[in-house]
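Each of the two complexes below includes subunit A, the first together with subunit B, the second together with subunit C.
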Partner chain A sequence: MSRRAWRWLIPASALPVLALLAYGFRVNPREIPSPLVGRPAPSFTLTAFDGAPVTLEAQRGRVVVVNFWASWCYPACYDEAPVLERSWRAYRDRGVVVIGVDIQDTTEAAKNFVRDFGLTFPNARDPSGKVSVDYGTYGVPETFFIDRRGRIRAKHVGALTDGVVRVHVDALLAEPAG
Partner chain B sequence: MKGRYATAVLLLAVLVADPARGAQAPTRAVTESQVHEVAAELRCVVCQNLSVADSPSEMARQMRAIVRERLEAGESPARVIQYFVDRYGEWILLSPRRSGFTLLVWLAPLAAVAIGFAIVSTLVWRWTRRPASASTPPRVDPAMRERIRRETETEP
Partner chain C sequence: MIPELGYGAAIVALALALWGAVTAALGARTGRPALLLSAQHAAVGVFVLVTACFALLTYAFLTFDFSVRYVATNTNLGTPFYYRITGVWGALEGSIILWAWMLALYTVIVILRHRVSARAFYPWVLTVMLGVLAFFLLVMTVAAPPFARSSPVPADGRGLNPLLEDTGMITHPVALYLGFTGLTVPFAFALAALITGRVGDAWITLTRRWTIVAWYFLSLGLLIGGWWSYHVLGWGGYWAWDPVENAAFMPWLTATAFLHSVMIQERRRMLKLWNLSLVILTFGLTLFGTFLTRSGVIASVHAFTQGAIGAFFLSFLALVLLTGLGLLAWRWDALHAQGALDSIVSRESAFLLNNVLLVAVTFTVFFGTVFPLLSEVARGVKVSVGAPFFNQVNVPLFLALIFLMGVGPLIAWRRASLDNLRRNFLAPVLVGVVAAAGFFALGVRSAIAVLTLALTVFVAATIAVDFARATRARLRVGERLFPAMRGLLLRHNRRYGGFVVHLGILIIAVGVTGSQAWSVQTETTLRRGESAELAGYRVRFEDLTASEESNHFKVAGAFTVSNGRVLGVLRPAKKFYPQEQSPIAYVDYRLGLNEDIYLVLGDFARDGSQATVKLLVNRLVSWIWIGGLVLTLGALLAILPERRKGA
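Up next, the complex of A and B:
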């Protein structure tokens, strides 16, 4: 090979590596797309802190917001708890249900959390972690927006804001029922 | 009509239902090492670079329990791993699959070593082939030679 070709070959060989690095540094390693978006939401039956059964199946025909949280998850879960309560009160008459799933927590601490924030939507502990694994959660808080047909349509990682809830819930409410 | 429809849905649900979910009693004995083998393939989702087998976290403990339960229900290790992949994506696998795009991860180091070896051997071959004339001392013209002789002789 000629000298001239060699001179170009070495910097050229670095290009794919640089391109890979450029791509790698741009993506957020914490935002891994969930393979569950677009698929039927895994069913679950849990017992709420007040003793009532909480099942996803019973909510078919409604837009469901499933939120995974824990009492030790500070500050994100503390920030979004009032948002969830507000959203639940604002949307409950329009066919929207909020379900809180408490993971990797103690019943005592979780009950205090529910009481302190005055949460009135159904909240249940996932003692075995099966529900959280079924939903492919990495940590808390994570929130799934489920349409009336029971399909997961969006996943939000991190604390919710009123805006995030509104965007997803309004979009799902706008879809024709059934 | 409605009743028949409901029965059909129920029947379908039973047929489609996950066998592991319904299984209460273990159908076969599973050893700790079998659970470990599967758990070692899975990335602990709340850790940095730890497998589900090695992590002391609560989440990993729960995932090991799920692995054990599914194995006990008669699922093959490959199916148990697929259960996690379906929910977390291939990200959950500690070693990327040797197919598709992630095959590149396995082949790239081999390719890099091969290319490096080719470059080094070419360079070594070139250096050792260099003509002998390059090592002969530089020519000194007669005038310079005379000057050097004069200067060294006048030294005390």
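Up next, the complex of A and C:
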């Protein structure tokens, strides 16, 4: 290489660094594996906003989607609330239950949330925070997918999309019952 | 309404900035004043519009306008008035507005100051500054729009990150961003110098004070950040080599190197290529820092959000580096060094070595920061590099830098004679050696601590020697003592401002050494009425109280601290915010010149019968804040206009 050509190595030297940084986009630091996946789902009994009891045990034999949310969790919980309602309506006749667990919230704000989004699946407050501790939630929203035998099979952090629900629920429905 | 107004203003500002950048460049090429005038008007228009955006967002915060998504995610009805204002720049989108606003402000000041005085560079400077501004406005309108609408409009917002509810948060980002954006000015001048081919000293003389101003704000931002970390994060430290801290530290290091190396270019016409590279690198590092904190590529304690923004910043960083370095390569022939080093024992070589060391520190910090990425590329495993790496590699470099701080300002240019060395350094070296022996005799056993303290004394002695000699010279011509000293500081303010900054750094070095070597801590669980002891302090657990604050629930412990006599009651607490998954520690402390006693509340029994508390006795930490104050005063002195007449 001639002496004059060498100088173009100056800008070229920036390229490997830029390439390294671009590589960084491929990784997702938010993906935290849950040690609970594959283990039996912790049982709970709560009282729904309409006064009915909500018991996980009673749902044995059905695929259960447990969603932890809060009314102050804007925007993620606002984004996923319609998704949950849609999924519930689409799957309820196929042996799927959606349960919303409202944590660190006030009853009034939570009730307004349920009303505003027209949620019809069971939603209950976790007043003591015990359920969210049992499930090891880091924040809201987090969603657990539980199979017919009552084991946690997947966990999703952040707002749900129709696609995410479909993938997990369809996979669990495809498994033989019992 | 506010989302539409703000969004509209941002889009018009973006169009104006692009228009201004193009017309200024055309003006530079054709020499038509009308084009340049149009660019100027566009720049002023951008400033007005960004100011309007800022005002609108602030208004939305103050009136809890949750139809603005950003307001809904960063405030709630319980957020106190004060933090509704700082909330404006508490997260990504708002911080971009603040950034753009400062950049627009700097652009207007550059127009006012340099329209006439820097005629040759000015059109290109305007092009570069408006180009950078256009980038931030693009981010504001596309990647992270602060005026995005929320639908449905929530009844209440999410609330500000509780860690940001601190007075430090009003000044820390503002100072840091003033530093970051301020570095755009020397960068714009450097590019203008390369484009026009006027790569002599003119651009350096024109931007010298700009660089010091930016450096001053950057230093202030770093110091306030350290203070925030110390009294908010509750781990008792002020610096953790966290990626975000590193991101702000790296441009500071290269800017410091630049402030020194320009002196060689001014004096000896050397290092043209080096200086231009440093300025481009420094600006690139400010963007890198923003990229790092905003892209989520590297996990950090204060990572903002992730998303499209990372790709935006990375693309812009690529554009800046490739353009800047490409221009350097293009002007290669004009940048060849003219001077040469006459001797290793000279001020030039001391400054050069200082630059090499500062860049070496920058490199190691950069390496450590991106190491998780590197290891993932190489081995598929994400491994972080902790503080031990940074400390081990950098402490020797810092010590060498302190040594040079004593040598550089006093040693002769070109070639130092033996006589020059003896005259300037014999006494300080002796004082340093005596100090080392003294510290050893006082029981300091850590080699690094003895070395740091002795070097500090040595450098302080060189400053004293210089100042005393200069004062004596003035006394000889009949001035009185105090006017003579004041005259020195004000007339040679750049030199003595530099010395004051050096003194500040020395004081900080003592603080860092002391806190690293002599701080002690313990953690213990106490029943009510029980006491724990640490380093002569006695801490008794009195009781636990709970209270409901406007936007959180607080549990505070009361601990009586005494060391022979009662010093007072400290009340460290845990704050429970509904939007946070874990409680936020609220530390309590009693600061002293020699040591701070610092309490962090851990777990506690719900009935208040017992509590776990972490006790720290941090030594000499206050010296860091005092040194910081001295440092910023020195920088202010150096910013003053030079009053020196003639030589």
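To be clear about the criterion, the second predicted complex is superposed on the first by the 148 of 178 C-alpha atoms of A that agree within 3 Å, B and C clash if a C-alpha of one lies under 4 Å from a C-alpha of the other, contacts with A are read in each partner's own complex, and residues count from 1 in each chain.
Here is the rule we use: a residue touches a chain if its C-beta (ideal position, glycine included) is under 8 Å from a C-beta of that chain, and two chains touch if they have at least 3 such contacts.
This is a predicted model, so every value here is computed, not measured.
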Q: Give one of first, second, both or neither to describe whether A:Trp8 is in contact with subunit B, with subunit C, with both, or with none.
A: second
Q) Of the partners subunit B and subunit C, which touch A:Cys73 in the superposed model: first, second, both, neither? A) second
(Q) Contacts for A:Gly163 in the overlay, against subunit B (first) and subunit C (second): which applies, first, second, both or neither? (A) neither
Q.
Output check: A:Gly24 vs subunit B and subunit C. Expected answer is one of first, second, both, neither. What do you get?
A. second
(Q) One more residue to check, A:Pro35. First (subunit B), second (subunit C), both or neither? (A) first
Q. Thinking of the overlay built on chain A, is A:Gly118 touched by subunit B (first), by subunit C (second), by both, or by neither?
A. neither
Q. First (subunit B), second (subunit C), both or neither: which does A:Pro176 touch?
A. neither
(Q) By residue count, which of the two partners contacts subunit A more extensively, subunit B or subunit C? (A) C
**Q.** First (subunit B), second (subunit C), both or neither touched by A:Ala109
**A.** second
(Q) By the touch definition above, which subunit A residues appear in both interfaces, subunit B in one complex and subunit C in the other? (A) 13, 104, 137-139
Q. What does subunit A use to touch subunit C in their complex?
A. 4, 7-8, 10-11, 13-14, 18, 20-25, 27, 29-30, 70-75, 78, 104-105, 109, 112, 116, 137-139
Q | Interface residues, subunit A side, partner subunit B - complex | A | 13, 32-36, 104, 128-130, 132-139
Q. Which positions of subunit C touch subunit A when the two form their complex?
A. 69, 72-73, 76, 150, 152, 154-159, 277, 288, 291, 295-299, 306, 310-311, 314, 317-318, 321-322, 325-326, 328-329, 332, 370, 373-374, 376-377, 382, 578-581
Q. Which residues of subunit B touch subunit A in the complex?
A. 45-46, 58-59, 62-63, 65-66, 84-89, 91, 115
